[in-house]
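Here's the structure, in structure tokens; my notes come after.
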Amino acid sequence: MTSKVASMRDAVAELVRDGDTVAIEGFTHLICFAAGHEIIRQRRRELTLCRMTPDVIYDQMVGAGVARKLVFSWLGNPGVGSLHAVRRRIERADPEPLEIEEYSHFGMVCRYVAGASRLPFFPIRSYFESDLPGANPNIVPIESPYGDDALYAVPPLRPDVTVVHAQRADASGNAQIWGLVGCQKEAAFAAERVIVVCEELVDESVIRSDPNRTVVPGLIVDAVVVEPRGCHPSFAQGYYDRDNRFYLDWDAIGRDPEAFDAWLKEWVYGLESHADYVEKLGEQRWAALQPGEAWSEPVNYGTYD
Amino acid sequence: MTSKVASMRDAVAELVRDGDTVAIEGFTHLICFAAGHEIIRQRRRELTLCRMTPDVIYDQMVGAGVARKLVFSWLGNPGVGSLHAVRRRIERADPEPLEIEEYSHFGMVCRYVAGASRLPFFPIRSYFESDLPGANPNIVPIESPYGDDALYAVPPLRPDVTVVHAQRADASGNAQIWGLVGCQKEAAFAAERVIVVCEELVDESVIRSDPNRTVVPGLIVDAVVVEPRGCHPSFAQGYYDRDNRFYLDWDAIGRDPEAFDAWLKEWVYGLESHADYVEKLGEQRWAALQPGEAWSEPVNYGTYD
Amino acid sequence: MDEMGDYTATEMMIVASARLLAGERVCFVGVGPPNIACNLAKRTVSPELELIYEAGVFGAVPARLPLSIGDPTLVTGSLQVTNMFELFSYFLAGGLVDVAFLGASQIDRFGNINTTVIGDYAKPKVRLPGSGGACEIAINAKKVFVIMPQSKRSFVEKIDFVTSPGHLGGDRPAHWPGSGPSDVVTGLGTYTFDPQTGEMTLATLHPGVTLDEVVANTGWEPKVADGLTETPAPTGEELRLVREELDPEGAYTR
Amino acid sequence: MDEMGDYTATEMMIVASARLLAGERVCFVGVGPPNIACNLAKRTVSPELELIYEAGVFGAVPARLPLSIGDPTLVTGSLQVTNMFELFSYFLAGGLVDVAFLGASQIDRFGNINTTVIGDYAKPKVRLPGSGGACEIAINAKKVFVIMPQSKRSFVEKIDFVTSPGHLGGDRPAHWPGSGPSDVVTGLGTYTFDPQTGEMTLATLHPGVTLDEVVANTGWEPKVADGLTETPAPTGEELRLVREELDPEGAYTR
């Protein structure tokens, strides 16, 4: 098969366009900061950014001015507090307004499922007597055709581009993930274009040794970017730990617009690539994030001929 | 945790009751014939049997008189032809009528998803201009709340009992499956009671070594039955091959009511348990079904303390 | 069985079906002749073809010919196994399938398909398997190829039950996700569908088959293409691949 | 911070919350104090308690206290990891959750919860995180425990935004899957809800806290149980478990 391997620079340049709806998913796990930084570096504009939990990556992207709108279900720095750059734009239009479209987690997940399934809506048992449907007219009541059971519907979400970070992938984009799997599969199938970023590029035979582990098939993938440690300060199960210190430190950085700009200048604009970021962070920091070993018991698929 | 391990006899005696709606799922793979045979042996009556593909197991059960009704989406002996005992009851009420409720595969799968999610209906993009909704009034048209997009809805399916056969499970019922996974997870979550049958009872630590591989959590499991080779003539990936010869031979047996009764007498009523069936089948037959080895590449989950 | 020169009718059907896959990218496939056709196409006209098996397998590399739609040889060494919900929701309804093969017990001139019953639904003369995934495949696959034996009993004026919609009465709605059957391959010839009327049109006759034979085995007055030609016979290489690599035991082809 | 005798207000909240879990089977849990409470309950009043983490993990055995709701230590050695669709659909909406913990920035006397905004939604004074899974948890978990700090700013007559419904105006429909908040634990005391009126009712005062303090920190005239008692202080063993095993670095409790 044809290799889809590309540099992050080329993948973003080719596949992420001004005005796009972009999902860089991952529920605390495998959040591809490297892709976010490259989008900032290439100064994309007017993006609609979608994530269940915008996390620090979207605080950085929103603060850097790439986004016109945010679609989300939980807006915070997990375990720490607020996303201050996002809050500045929402609360004070500082430096410019930010449009928001807000759901609950269940709603966001089901929007991706509907997008992936080409369903015009998805029914869920949530939102009863909540003010969320009032705040977001896309959340509408719906009746069951079998009786008076009332639910709410959410509309499909079909990103122009979804970025999925995987522990391992082959050159065609068949990608395997373990640990928290969030809604990456659904977000990928829902998207028009998919960028797979991986910790390790592996031979197709590794993928084929365990087909039940494949989350994203190469069939729907447009580019494969090999970017080890590309999730920092998020984590990659079995590869590096969550850098909680970074998340804690971000609170003060995000709170202060000058510190925010200085951080971006130093860690994004001032660097050529994520490889530079990895090097700049330093081996001591990486060593502290190195997990021990806990290997899965292998399974036999058998040969049949 | 408390062990839920039970014999097949005790599990069926306690958990499968006359009049129950029963799903023994598995898409060609991991069909638990051992459970079906024990239900026949215990002479359960008036069951509603649900499966996407009733397969030979339901031909045997329907012919043995355990079922009042069949819920399905594809009624055949895969790759061979008809399920003759089922056909006799549908076509000629021979020896008694059989009620049927018929969907397509997509419809059946989404009925389990709705059952597992406690959704009153599930919308799917199928059945347009088909005669199926006319034949089954439970398939009804539904409109999207966002526009004039028309779909069909199917109702939830909530079995009283679902039987899931897994390659390995622990004593609490945490069950892992690889190879074709069909709709077992959905059918299990949709059910009131769940029987997990396994090829191998493993220590909890084996399950915990690869939590992404777990299909059914012990949380929803009522009994764990250890029944090696319990799927014959269906297969268990990596453990034994599909016995195509049996499926081919079944055509003549199922076609002839006397041969059918003689088979049941010899292979079900005449035996005490599935262990007897395994022995009676003979080591030569089992040797021919033994696959070679093709092990998955293990993955590192890492330790974090 | 059905010898035609030095190849069988089924071999002709498989070879003709495989050739239809030239230029296609993603094919949804069951077992039997369509499986052989797809794997023949990958070795001849369509090496980049990606196969999705209805059992939930993407990128299978079967080491033998499966009897059943689900078989362990489809799984070992494949690229992805997926559950049935995701298979039908994300792969099929999601719009990834360019072409799917369907069989039929009855078909009408508009490509509507019956695999449910012969006779009345409530009291059938013959109870057939039913839809399986066929109904949603017929609606969601971008196009459909039908492979089936042809006779007056299978090519009928009015099918007993519409399991899977084709071109309806020639008025299949343009907003449906898929465009319906584009080709039918039988033991007698190949058919396309008139883009205006949705009517099945005889496009080629297999070598040795006459138009009279087709008329005698069609339950309506069949429409015939202006440029009716002969189906090119299987090449030696096509036959070698089918016989030596794809169905060495002749389970489907002899 | 908030020293009360030889334990902190947060330690009292965690211990009181853990005791509520006696007899419960399946708990849906986030991180922070509820996580410590659940793991304390497993070591004390509720050894059979099964935990489902919102990140999609069942049967976790965390080797350390996670900062974030998603952490690799929740995954390694757990019994099952599931995707978000199945977590919310099958575990939560499917009705498997007996009790879930929720936090709140504002709560009213009927247990309705705001975690969305302070001020107007379109022009908020403070933009809070929003629902996350709270809205569907509040509707689908069989019951809900709320843990939150108490002040006139958080215990308010009218919340600025209903993120997650509690007992509405006392008329929460009986046909909803879950029965709503059953208990609230704050730094001052514990509350239950009147089964008739759905109104929050002060049940116990933490040691050293006066009724006047509660009144001064409640935005309405609080209802007080006839048999108002004192929350039993944390035992030495409970404090030892919290301090030595569950939060040895005192991230949440000191």
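Things worth noting here:
A, B, C and D are the chain letters, set down in written order, and residue numbers restart from 1 in every chain.
Keep this in mind: a residue touches a chain if its C-beta (ideal position, glycine included) is under 8 Å from a C-beta of that chain, and two chains touch if they have at least 3 such contacts.
Remember, it's a predicted structure, so these values are computed and weren't measured experimentally.
Here the chain-to-chain distance from subunit C to subunit D, counted in touching steps, is 2. Any chain that touches subunit A and also touches subunit D is listed here: B. Relative to subunit B, the chain whose mean Cα position lies farthest away is D.
Of the two chain pairs considered here, B-C and A-C, the higher C-beta contact count falls to B-C.
Distance between subunit B and subunit C, defined via averaged C-alpha coordinates, is recorded as 28 Å. Computed from the mean C-alpha positions, the centre of subunit B lies at a distance of 40 Å from the centre of subunit D.
As a whole-number value, the distance joining the C-alpha centres of subunit A and subunit B reads 37 Å. For subunit A, residues touching at least two other chains, in rising order: 113, 117-119, 124-125, 178-179, 181, 185-186, 209, 212, 237-238, 241, 291, 294, 301-304.
In subunit C, the residues that reach two or more other chains under the touch definition are 57, 71-72, 75-77, 81, 89, 93, 177. The list of touching chain pairs reads A-B, A-C, A-D, B-C, B-D. Of all residues in subunit C, those touching subunit A in their complex are 26, 48, 50, 57-59, 61, 63-64, 71-73, 75-81, 86, 89-90, 93-96, 177.
Subunit B meets subunit C in the complex at residues 27-29, 52-53, 72-76, 78-80, 82, 86-87, 90-91, 102-106, 109-110, 113, 124-132, 135, 178-183, 185-186, 235, 237-238, 241-242, 244, 247-248, 291, 294.
By the touch criterion given at the top, residues 1, 113, 116-119, 174, 185-186, 189, 204, 207-209, 211-212, 214, 217-220, 301-305 of subunit A touch subunit C in their complex.
Residues 117-125, 140-142, 144-147, 149, 151, 153, 155, 167, 176, 178-179, 181, 206, 209-210, 212-213, 237-239, 241, 291-304 of subunit A are the ones touching subunit B in the complex. Interface of subunit D with subunit A (complex): residues 31-32, 54-57, 66-72, 75-77, 81-85, 88-89, 92-93, 116, 121, 123-136, 139-140, 161-165, 168, 173, 176-177.
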